[in-house]
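One chain, subunit A, links the two complexes that follow: it is found with subunit B in the first and with subunit C in the second.
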Partner chain A sequence: MREKLILTLGSLGTVLMLWVIYRVFLGLPAEILQGDIYRIIFIHVPAAITAYCLYGVAVIASVGFLIKRNFVMDSLAVSCVEVAQVFTLVNLVTGSIWGRIIWGIWWTWDLRLTSQLMCFLLYLGYLLLRPAVSDPTQRGVMSAILAIFAAADIPLVVMAIRLKNVRTQHPQPVLETGGLDPSFVAPFVVSMVALMLIGTALVLIRLQQESTRREIDSLRRELHAV
Partner chain B sequence: MSGFSAAIAIASKDLRTELRTKESLNSAASFALVILVLFSFAFDLGRDEFLAISGGLLWLVYAFAGALIVNRSFARELPNDCLDILIASPAPGWAIFLGKAFASFLLLMIVELISLPVFGVFYNVPWVDSFFPLLLIMVLATWGITIAGSAFSAVTVNVRLRELMLPVLLYPLLIPLLTAAMEMTTALMNGESLGGSNSGGLRILTAFDAIFTALAVYLIEYILVL
Partner chain C sequence: MDVRNFTYMVYGYSAAWLIIVGFVFLLVSRSRKIDGELKRLKSLVEDRESEPR
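Up next, the complex of A and B:
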């Protein structure tokens, strides 16, 4: 049942993504100010939004684990964080490529870039902590607490970077300002849906691996007891 | 015994142990001095250039020393299972935590107050005129460092590679706090006041302290009683 779901979500996401790639690279014309490099936005922004959604789910699952002590919640949290890290990395790398072309530099300590990198580093600590703890309950509680602390820290990071009065060079969010050309809307939305589907499929695969790992762990402990 | 008197008892116990053995106080203070000396080899700057980065350097030293001090805070209780006895005692979890955080706070303040004049003498930085505003920043930021640090010290106390794991987890979290403290300290060193455009940093420090004190006090039961 679960395999079928993963397969359906994954293949649906892949088909949609193929359509987006076809549309973005062969259908749409070059943009008047940026030329061809603007096409990166159809991956860059949806990847960031998918990552935020997954981080959100991870924090909710972490709170759920602290209250209910259900290990599925812990597995859900770590699966979401891992997949979100991948999407954050996609967002950072595509943004960096865009910056190299448009700004002439790979990186600048701009508000959006820095806060995204901080988000990545905070949850990198989360992923580093987990293998260092052997007891499953302990591991779950520690990582849940870390996830909650990291989530509380992100608004402060944004406030602190604003202090430095760096004028942001990052383009204004096209979704809020309504600056997206009508012909761009469909590939943009479809790309977002496709990445969400692929992200969900990846989370489900990781969830399955986690439950197998838990099973192996408990069998091993049983063996030790015998 | 009420929670607060338990917290005071724990804090005075920690301080007494520390002042008798001086293990983390001596190492943190000498570590701070070594780093201060290293700066003179790392940078070859004119006075104005040095003043422009003075706040950043000073807070790097304090953050390094802080990690050393909070690392010992809970690790000190591991031999002879003292931590288990503390948890089993009638003192509530938050009182143990606040007592330990307060002891670390005082120890880090001592290290900071020792290294500040040394910094002033070595690098000809005018800190005496703005000592009291600087003290305000130090108190607020040091409380933030110790409260987040003690929480992570409790989280990582049973983790392999504890000494390594704590800074990896703690420093990304401290970035908003350190940014604010660095910006305001640099402003003070350059003869500016804390009011006006510099007051944003105070808000961040207060927000960080309030948010993480509340979170840590609320979550500490989960951390200690796994």
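Up next, the complex of A and C:
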């Protein structure tokens, strides 16, 4: 049942993404100032939004683990964080490539970029911390606290381009101000849905691995007991 | 199609898909490793339980 769901979500996400690529590459004209490089927005922004949604689920699952001590919650949190890291990396790399053309540099220590890098590094720390703690309960508690603590950076990333008195090189928000051309809306939304579907499929695969790992741990304990 | 900055756009999309596909391959190889470990442990437990005490 779960395999079918993973396959359906993954296939649907891939088909939608192929439509986005077709639409973005062949259906939209080049932008006057940026040329073709602006098309990166259709993967750069949806990747970031998908990552934030997954970090959000990880935080809820972490709070759930701290309250109920249910290891499925811990597994959900780590699965979401790992997949979110992939999308954050996609966001950072595509943003850097866009910056190379538009700003003439690969990277700048701007508030938006730095806070996003911090978010990536904090959750990388989360993933590196887990194998270092052998006791499952202790590992779950420490991971949950770190996941909640690291999430405090996300509002800073989101607000970095909206704060007054903060000078940033990053483009100003266009989604809520209606600055997005109407012809961009469909590929943008579909790209976001496609990445969410692919992300969910990847989280389900990771969840399955975590459940197998728990089974392995219990078998190891059984072996020691026999 | 205007070809201005086209190459870097291709780099961007290629990098994005390489990262995602790379992660999928990592997941597949990890799944195989975990499943192999599970099978090994299950057969070990069965062997231990069938041994006369």
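Convention: the second predicted complex is superposed on the first by the 211 of 226 C-alpha atoms of A that agree within 3 Å, B and C clash if a C-alpha of one lies under 4 Å from a C-alpha of the other, contacts with A are read in each partner's own complex, and residues count from 1 in each chain.
Assume a contact is a pair of C-beta atoms (placed from the backbone, for glycine too) under 8 Å apart; a residue touches a chain by one contact, two chains touch by 3 or more.
Everything numeric here is computed off the predicted structure, so don't read it as measured data.
Undergrad: Once the shared chain is lined up, is A:7 touching subunit B (first), subunit C (second), both, or neither of them?
TA: Neither partner.
Undergrad: Report the partner of subunit A that touches more of its residues: subunit B or subunit C.
TA: With both complexes superposed on chain A, more residues of subunit A are touched by C.
Undergrad: Between subunit B (first) and subunit C (second), which, if any, makes contact with A:122: first, second, both or neither?
TA: A:122: touches subunit B, not subunit C.
Undergrad: Pick one for A:36: touches subunit B only (first), subunit C only (second), both, or neither.
TA: Second partner only.
Undergrad: Looking at A:163, would you say it contacts subunit B, subunit C, both, or neither? Reply first, second, both or neither.
TA: Once the two structures are laid over each other on A, A:163 reaches subunit B alone.
Undergrad: Does subunit B (first) or subunit C (second) touch A:185, or do both, or does neither?
TA: Neither partner.
Undergrad: Based on the superposed arrangement, let me know which partner A:198 touches: subunit B (first), subunit C (second), both, or neither?
TA: In the superposition, A:198 touches subunit C alone.
Undergrad: If we count contacts the way the header does, which residues on subunit C are in touch with subunit A in the complex?
TA: Result: residues 1-6, 8-9, 11-13, 15-16, 19-20, 23-24, 27, 30-31, 34-35, 37-38, 41-42, 44-45, 48-49 of subunit C touch subunit A.
Undergrad: Show me the residue ranges of subunit A that touch subunit B in the complex, using the header's touch definition.
TA: Result: residues 66, 118, 121-122, 125, 128-129, 132-133, 135, 137-138, 141-142, 144-146, 148-150, 152-153, 156-157, 159-164 of subunit A touch subunit B.
Undergrad: Write out the stretch or stretches of subunit A touching subunit C in their complex.
TA: Going by the criterion above, the answer is residues 21, 25-26, 29-30, 34-37, 39-40, 43-44, 47, 83, 86, 89-90, 93-94, 97-98, 100-101, 198, 202, 205-206, 208-209, 212-213, 215-216, 219-220, 222-223, 226.
Undergrad: Along subunit B, where are the residues that touch subunit A in the complex?
TA: 148, 151, 155-156, 158-161, 165, 168-169, 172-173, 175-177, 179-180, 183, 200-201, 203-204, 207-208, 211-212, 215, 219, 222-223, 226
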